[in-house]
Every structure is written in structure tokens, then in C-alpha cells.
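Look at the two complexes coming up: chain A is in both, with chain B in one and chain C in the other.
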Partner chain A sequence: MYVAVKGGEAAIANAHRLLADRRRGDRSVPSITIEQIAGQLGLAVDRVMAEASLYDRSLAALAIRQARGDMIEAIFILRAYRTTLPRFGTSRPLDTTSMAIERRISATYKDLPGGQMLGATFDYTHRLLDPSLLTDAPVEEPALRQPDDEVSLMRVSEILAQEDLIEADGELPADHVTGDLTREPLEFPMSRDLRLQALARGDEGFLLALGYSTQRGYGNAHPFVGEIRIGEVEVEFDVPELGFAVSLGCIQVTECQMVNQFKGSAKAPPQFTRGYGLVFGQSERKSMSMSLVDRALRATELGEDITAAAQDEEFVISHSDNVQSTGFVEHLKLPHYVDFQAELDLVRRMRRDFEASRQAGNDDDFMEAAQ
Partner chain B sequence: MDTAREMEMTPGGKDERKRVVDLLAHADRAELSAPWENLQPKPEMYPVRGPETGLVMVRGRIGGGGAPFNLGEVTVSRATVRLASGAIGHGQSLGTDREKAKLAAIFDALWQQPETRDFVENRVLAPVCARIEQHKHRNAEEAAATRVDFFTMVRGDD
Partner chain C sequence: MSSHADLATYNFAYLDEQTKRMIRRAILKAIAIPGYQVPFASREMPMPYGWGTGGVQVTASIIGADDVLKVIDQGADDTTNAVSIRAFFQKVADIAVTTKTDEATIIQTRHRIPETRLKSNQVLVYQVPIPEPLRFLEPRETETRKMHALEEYGLMHVKLYEDIARNGHIATTYSYPVKVQGRYVMSPSPTPKFDNPKMHMSDALQLFGAGREKRIYAVPPHTEVVSLDFEDHPFEVQKFDRPCALCGAEHVYLDEVILDDKGGRMFVCSDTDHCEDRRADGHVGELLAKPQEAAE
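Moving on, here comes the complex of A and B:
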């Protein structure tokens, strides 16, 4: 017999009402606005956009506010929202060489064309709490300097490419159809384009830990940051009615070119290989981690032994999505009353059998001792 | 209306039309709604499509210049309108502002009519263009101020 159990409607309604109250907090403190979140917690907004895989600053800020600052919850909400919209099509690939640069650094070439531009960075700060931020003290305007007239900054990889000491940008076979994991289920092994899509939306903490593991010897990495650049790029979209591609506006992205020493193999000559990272918004740590993991996951392609977690494609890609991860971990707290009753019954029976056999064993021992 | 006929109506051809549509995509809501308020008389117009909001999958390239891959999606709002003259305008830009997309489509159509082109050029496109250029230049100046000037220090006796 199956008995359906219902209940909890009032408790759930009141719990959500309480959640709304706690989200709002002390009513004597002004409510935080979407503009304030988008403007002053911009890197939180960037992370939500990147891992929700949807670039929209206002909606990401709304999700952060609704989620009380819980980033994965905000990512979940934004990811759910995107499923309600139709897809108009696919953009032209972004041209990161024509990026309006806000920050551009290289750890491999000091004097690269265009120079090292630090931009708005936490690097070289002392990481000391700043008491002046306890108040709303006025903030200086940024310093200005006449920029060079260069239209676009060459990539660092192009410098080494002139000597043929670095592999080219990753090409796939001409007949390869660009994969889309939002449309087709994941299958392993997967092509590099699909891996990059998964990594671009992957959890920053997970990719950071995996990237770190490759540096510590789990995998075969000798990485240098060839280049990191952050800035705005145009999104171009073909409008069939017009017959040409038009701009939809600009988005901010972070690009990382990680350069790795490679001693060569049966498949490739000694040269530098590359890992690539491209992420929505200003997200340097994520793009660096992504490029480390991208390179580690190319082990098979480059004829390297697979010895570490970061090189295991199925392990990495299956666990990089934090919405999937949180869904399966957090479902454990939902009612499992029937499952648990079944298991409880099973453990009771096993225990009875165990006690019975032990009792029998004791009886045997007693008999043996008596003999 | 097919593309070929539409292109015939486009003064200056594809490049000019692209300049107009691109600038309209970069406009703020206020940069479109303010001139619209000031436009007299208002044209008769008929919706052809939308305004509607959807997604565009943004692509990157492996290594920056290699094979394409899907990076993630952007929200896009778009609209198509037709004026009494037959001019058809398309508006599309990032975000969820459908009213802005509709205004962009209207101004795209108005730009195609000789009698309203100057209004669109002077009252809509010129201010948007000026703001974008100023914004770009300002950002470039701010970034340039953080450029590292290396110098070498000579140590020891000579």
C-alpha cells in the first residue's frame, strides 16, 4: 500500500516570508539598490554572470540581492532565468585583439609592445583593512595619461610564434561543428571547444584548486602567464534582414594566455604549448585557473601520461558546474523518509542476523572450552 | 521586403547603414527617448516583429584566434518596425530594455527617409557617437596612467 503524505504548506509559506524579512534586514538601514550592487560589488556581479553563463549586469545584480549574497544561489537563479528565453542565434567570435584595454600584463616579456598596463588591480596592495572605508570618504579621480596611438595590441603568443617556438592558436578540423553543452548531453572524450565552454562556466573555486594542484606536481605543468588582458569587446551578430553583422554593444571579458614548457613527444616537437582562458567580466583568477586546467586536459592530445585529477577530463568536466554540484549535494536535505525507513529496516535485519551468528559462535566457543 | 530591395533604399550602402545600426545599439535609453519626445510630428509606424527579449550565444576563439567555442550567452532585445513610407527599421542591443530596442528600430527607419535623416544624424547619432568617443578616450587615458615605466639601477662602483 502506498500512502501519500502531505503537509508543510503553511510552514513553507512562512519560511519564505521569514527569508524575505531576513533578506531585507534592519528596516532602519536603507535598502541596497541594483545600481549599488552593479556599481560597487562589480566583481561579484562578474562572477555570477560568468558561472551562470549569462552576461547581464542588472539581472546578475538582482540575483545577488535576491540570494542575500549567496553566490551559488545567485548563479542558480540567473541560470534558471536564461532557460525562459528563446535563443536568437550565435554571435560572430569575439575579436580580443581589438579589445579596449583596461588592464594588460605579461609575466614573460617586460618590454612587450604596448607595455604593461596594471589597470584597476589588487596586485601590489598590502591587503590591510582600510578603516577609511568605514565612512563614505571622498575618493580621488583616476590619474590620466595620453595613451599611445596603437589601434590594437598584439598578443604575446604572436611574439613567440615568429620563432615557431610556440604552438599556434588551437584549431579543430575544418568540418568540426562547434559543440554546445546547453543543447547536447555531455559525452566523453570531448573536443576542446566543448571543454572550454564547460570551463568558462565552471566554478571558480573548483578550477582554482585544480589549477593549483597542477602547480604542486599533480600533472606536468611549468606555466607562465604569457598575457592577461581585460577590457571591452564588441559583440557582433548577423541580422539576416540586413545581410551583414551589426554590433549589439560591448561586453567586458578577461583573457589569459598561459604558456607552458613542453619537452616534446612522439606527436609534437619541443616548444611552448598553451592553455587558454576566457571569462565574462573582470575575473583574472578564474581565467588563469581555466587556462591551467585547459592545458592539463590536453594531456592525451599531446601524448602525456594521465596521472593527476586535473588531467582527467571526465572527472574535471563532470564536477566543474556548481549548479549541478549544489543540486545533487543539497538534495540530500530534502525528505528521504521512505528511503531511510527501507534502509533502517535492512540494517535492523542485518543486525539481527549478526547478533544471531555471534550468539551461535559464542555457544560454540563455550562448548569448545567445556570440552 | 527582401534584403536586396532594402539595401537599395539604404543611402551610402552597407557601411553607412552599419554605422547607424551600431551607434543605435550603443545608445542609452535616454539618448533615444529624449529625441523621440522632441520629434514632431511623430511618424505613423507599425510593428513588424517584437519588441522581444532573447539570448545570443557569444563565441570566443581557442587561443584567441583559433577555432570558435561557445563562451556563454547575452540577453538581447530587438524590434522591427515599418513606417508609412515603407521604410523598415531594425533595432537590437544588449540587455532586456525592449522599449529601447523599439526606439532604435524607429530611428533606424527614420534615418532611411531623406526628410528625417538629418534629425536622426544630428539629434540621435551625433550625441551617442560623441559620448562613446569620450568614454573610450577617457578609459584609454586611465589605463595608460597605470602603464609601467621600467628603469634600471646601476649598482656598485664604476
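Moving on, here comes the complex of A and C:
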């Protein structure tokens, strides 16, 4: 016989206990450490930091461990922690020309001041499973060289800018206060600083697919990788009490400058336009996708027709956040039986009406045939 | 690198006081403009978006140490998400909780309004997935905000009219749109339309929180809440052709429970507290009456 169900509390507690067991796995195998995750699954840590908008390798590693390697879950855990932290100000803009570069490539110039540096990349590796990684075989030390000098490395966009062939970086009004989409409600249309923030924490897969769509004709992009650079930059913060900037430390970022063809419009002369991507840690895929989507989203600003999903700000930004997306998609597994009951009742009623009218129709046909 | 020992310290009711102040300002604005959706800087909560983060943020911002909290989902206190949210507030705010509608000062709900009439010292906090009543008619926020500003609700009436043209009646059973104090069209959240009349002239304050969509709206006490309809097709609520099988209550919302694989089913109160109260008062439904007869 049915009795009103009780015991949700015990069920939840037991489910969480089982989850803890499954997370730990076989007890005879040593537990994975935070240092191992931060050190050996560094790109996973980078993704979690980027999409959680919190630069802390050990906390990101902890989140990955806690989430059993589920990246979106880890991002979510770290964000829920980030949101409780006080916000004490805005850093100075990062100066990526003074980056301590580990990788820097350009697809638009064969050689350029500072040169091309491959750095640690999967590019040109052959994706063959490596049996030597089944064991803990010794790994060679990398070949390193000292940086040539202390000069800053000019960006490719600056080379083009010398000839006025690329649009200027864009100026914000002097009194513009940098927005923070984690502290203010989102409003459309967005200013570019907020839009770039949203893209920087947007889902890598979603932005990848949208960026890809612009290459396949949905949005009409003709992009070139002006430059990708990865390395450490110093974060500086103005302390009002001191009257000068102090360094908060270094963070690793990936910056992508995408150069796009532009025929010009009534508003702007023919020249190259920019798409920009900047992501915590090392993620070329994300920063490239971000710069493609950033460029696509500038359609209105540049007077282009909006024909594709990637150009539609409200569509892109409203759906780029994987923590929001996963929450709402997965909420469908919560009970909905009150609403479903209402729908059941409605469908039953409509079915009765339908059967009744069909019956009436049959009777009419029968009558007509008989007459 | 952070020191991990600092991790576990959270403020009373989880949110920091700055955030609470921001949310309270949004709530005050919402109360001042009944039915208007106030944008607010929704925070990431430690539960997923779509699982009540808006309601949780509203509750966290208004709850005090001497409040008594009740949490229901689908009308029941013991559904897993209600249990989880109740446990969250016990953990982060250490407040008293109850399943009794009468005893609660704050009731957080998903999909139902309690059957017991609420009182002026109570606040009903709704969890809202899609705050925009016009969303499925117009997906763009920029457009719908304009439509509200201009009080341009023709589209909604056309939709309801098309329902009638197609089905002979308005085929909306939950999230049935209402007009608040003659001005804003508002989504009651996905409560069944059965509950709509309870919102009208309620003694209790009703607050609506949508975390993912970053909106808060409100219906102050003693406010007109009218379900949209037509003169020749007046609004009506669901009727059940049988009483609750456990407590015999009529004119309450019932859940259908499947008993076996041969089509056996029963209907019981969706509001579990109401059902328990009635049984404690000696009301007996069909299903509970039978075994006693058999014993006699």
C-alpha cells in the first residue's frame, strides 16, 4: 500500500557516502594527490581556473579531485567558492608585451621580431598511444635557453597598425569603469569588456563549436591567427593608500589576436579587424575560439548583417556559461509531478474530446450512408 | 596558493553581507513595483542553477536567526531537493526548520502554494526557472523588457485566444500568466493554475527568485493577482473528480500515484503537511478506511 514517502534525508546521506566511495575507488591504489593533479594534469587545471574565473592551481586541482575529473562539476565547485570571496578592486590592464614568453607563434608572418617559438605544444606530435607512459619511464630535461634580452615583444597587430592596415584597439571613454559580470546583472547589448569577460569564462566546447561555425560560412569570417602567445605576466594593482601599483604576482595566460578581413562599410574604411581572446593558463583552443566569437559578435559595431548564431550576442552570451547550462538541463531530473499531473489531466481531457468528436463524425458518416 | 584551512568559513546564511544588501535592495524595489522583474547580480550558489538558486538567495537574504523555515518541492517537505535545501540552511544558518505550514515564518517552495491559507507574518519564497511570462512567445530579453515597459501584452492574449480556437479552452495548465495590480503580466512560476487564486489578495508577502536568469520579483500582501482570461472563457482551475485517498480532502491539488502495472492508481494530496494535519484530525480517505473495515 502507498504511504507518503519519507526518508529523503537518509537516502541523500547514503548516496553521498556511495559517491565518496566511488570517488576514492580501489583503496589498494594510492590516492591521487593535489600536487600530482596540479603538476601532471595541468591543462585540466588551466581549464577549471579559466572557466571558474579564479586563478589558483591548488584549489582548481582540489576541485578536479573532488569532482572525480568531471570538468564542469569542478568549474562549478570552484565558482561557488569564488563567489564568496570579497572583491577588493580591479588590477591594472595586463601588459602582454612584457610577457615572459614560453610559446609565441604567428600565422601571418614567416618571421617577425622576437621570432616564432613553439614551446610546449601538441602540434606536430603524432597522436600515437605511447606505451612508455604505461610505466614511469624517466623523462629528459627540456632544452632551455636564456631570454635574449629584456626588450618587450611587440604584438603582430602593432606591425599592421604601423601601416594603418588594422583598426585601432578601440578606446573606452575615460570615465569607463570596467564591468564585472559576476557582480552586476547582465544587460543586453553588452559593452565589449563585459562580453569578453563572459567569453573568457564561457564553455570551451560551446565557443569552439561557434567559432568553427563562423569558419564554415555561418557568419562569414576570414580569420588569420595574427599571433598566439603563452607565458607569465605580472598582475599589478593600484593601492590608493600607497599611490603606486604593487605586484600581486604572476599568472600564466594565453593570448590570441585574430586578424580578420574586412571590406569596409559606411562606418569604417577597408582594413583588417580584430578578434581577441585571453584565457587563464594554457589553452590555445579556447583563446582562438574566443577571438573568433569575439569578432563575430562585433557585427553590429562594424555594420555587418547579422545572419548567424555566432553573431547574435544575446544567443551566444545567454548560453555560453556551462555552469548555468548544466544546471538548467539537469534540473529536468528533479520532480515535476505537479506540473506533469496538470498536463496528464489536460491530455486526458483533450483525448476524450478527440474521441468524442471522432465518434460523432463516424455516426454522421453512418447516418449519411444509411440515408 | 591559498591556505586550505580558510576554505570552510562562510557567513551566516552563506552569502556575505554585501551580497545580501544588494539582494535586499532588489527585493525592496520588487515590492515597490509589484510584478516587475528586477535584475539582480545573482551569485553562484553551491547548488546548481535551475535547482532553486534564486529562491535560496532570496531566503538567505531575508532569513534571521529566529526565523522558522519550511521548504517544499511539489508541495512535499520530503522530496529530495526540499530536503537538501532545508539541510543547507540548517548547516549555514543554524535556524529552526519545520514541516508545519502554520509554524513557518519563511516558506520556500517549488511548484506549489500550500493549501493552508498563509498569514501576514509569513513570506512565501518561490523558486523560479523562467521568470519571463513572454519568453516562449519572444525569446529575446531586449524585446520582452520593451513589451513590459509599453504594457504591450497583445501577444499573450493572442496566444490564449489561439488555444481556445484550437482546443475550445485555454490549454495552459501551469505557469498560467497573471496580471498583478492591473499592470505587469507575471509568471507565477511553474505552479499549477490550481494555485493561482491563492496568490490573489494574499496576507503573506510573496517573493520570487530566479537565480540563473538573475531576476527577482514580488507580490506584496493584499495585491490583486488576476489570471488572464476572456469574458466568454473565464479562468478556471483544475477539478479532481475524487478526494484524497489518504485524508479524504476535496478541493485540494492531488498527485497521481501508480500502484501496480495493471493500471491501478490512487490520488493523494500533493501538500503532504496538509494531508498529515487532516489525518491527525481524524479525517480518513478511502484507502485508509478500507483496512479498518476489513478488520471489523
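Simple rule for what comes next: the second predicted complex is superposed on the first by the 358 of 371 C-alpha atoms of A that agree within 3 Å, B and C clash if a C-alpha of one lies under 4 Å from a C-alpha of the other, contacts with A are read in each partner's own complex, and residues count from 1 in each chain.
Keep in mind that, in the parts below, a residue touches a chain if its C-beta (ideal position, glycine included) is under 8 Å from a C-beta of that chain, and two chains touch if they have at least 3 such contacts.
Predicted model only: the values in this text are computed from it and were never measured.
*Asks:* Quick one: classify A:342 as touching chain B (first), chain C (second), both or neither.
*Replies:* The second partner, chain C, only.
*Asks:* Touching A:119, do we find chain B (first), chain C (second), both, or neither?
*Replies:* The answer is first: A:119 touches chain B but not chain C.
*Asks:* Please determine whether it is chain B or chain C that touches the greater number of chain A residues.
*Replies:* Touched residues of chain A are more numerous for B.
*Asks:* Of the two partner chains, chain B (first) and chain C (second), which one does A:139 touch, if any: first, second, both, or neither?
*Replies:* neither
*Asks:* Let me test your reading of the model: by the given contact rule, A:89 touches which partner, first (chain B), second (chain C), both or neither?
*Replies:* first
*Asks:* For A:194 in the superposed arrangement: first (chain B), second (chain C), both or neither?
*Replies:* first
*Asks:* So, A:129: does it touch chain B (first), chain C (second), both, or neither?
*Replies:* neither
*Asks:* Taking the superposition as given, does A:323 touch the first partner, chain B, the second, chain C, both, or neither?
*Replies:* second
*Asks:* Applying the document's definition of touch, where does A:76 land relative to chain B and chain C: first, second, both, or neither?
*Replies:* In the superposition, A:76 contacts chain C only.
*Asks:* Between chain B (first) and chain C (second), which does A:58 come into contact with in this model arrangement: first, second, both, or neither?
*Replies:* A:58: touches chain B and chain C.
*Asks:* Return the residues of chain A at which the contacts from chain B and from chain C coincide.
*Replies:* 56, 58-59, 82, 86, 182
*Asks:* Can you tell me which positions in chain B touch chain A when the two form their complex?
*Replies:* 3, 6-7, 14, 17-18, 21-22, 25-26, 52-76, 78, 80, 88, 90, 92-96, 136-148, 150
*Asks:* Looking at the complex, which residues from chain C come into contact with chain A?
*Replies:* 1-2, 4, 7, 10-11, 14-16, 18, 39-46, 48-51, 53, 73-76, 78-84, 87, 110-112, 129, 140-142, 167-168, 171, 173-174, 190-194, 212, 214, 238, 245-246, 253-257, 259, 266, 268, 270, 272, 275-276, 287, 291
*Asks:* Across the complex, what residues on chain A touch chain C?
*Replies:* Answer in residue numbers: 1-2, 4-9, 11-12, 56-59, 62, 76, 79-84, 86, 182-189, 314, 318, 323-324, 326-331, 334-339, 341-346, 350, 353.
*Asks:* Spell out the part of chain A that touches chain B in their complex, as residue ranges.
*Replies:* It comes out as residues 49-50, 53-56, 58-59, 82, 85-94, 96-97, 100-104, 110-111, 115-120, 142-148, 155, 157, 168-172, 176, 178-182, 192-194, 196-197, 200-201, 235, 237, 239-244, 246-251, 253, 255, 257, 274, 276, 278, 280.
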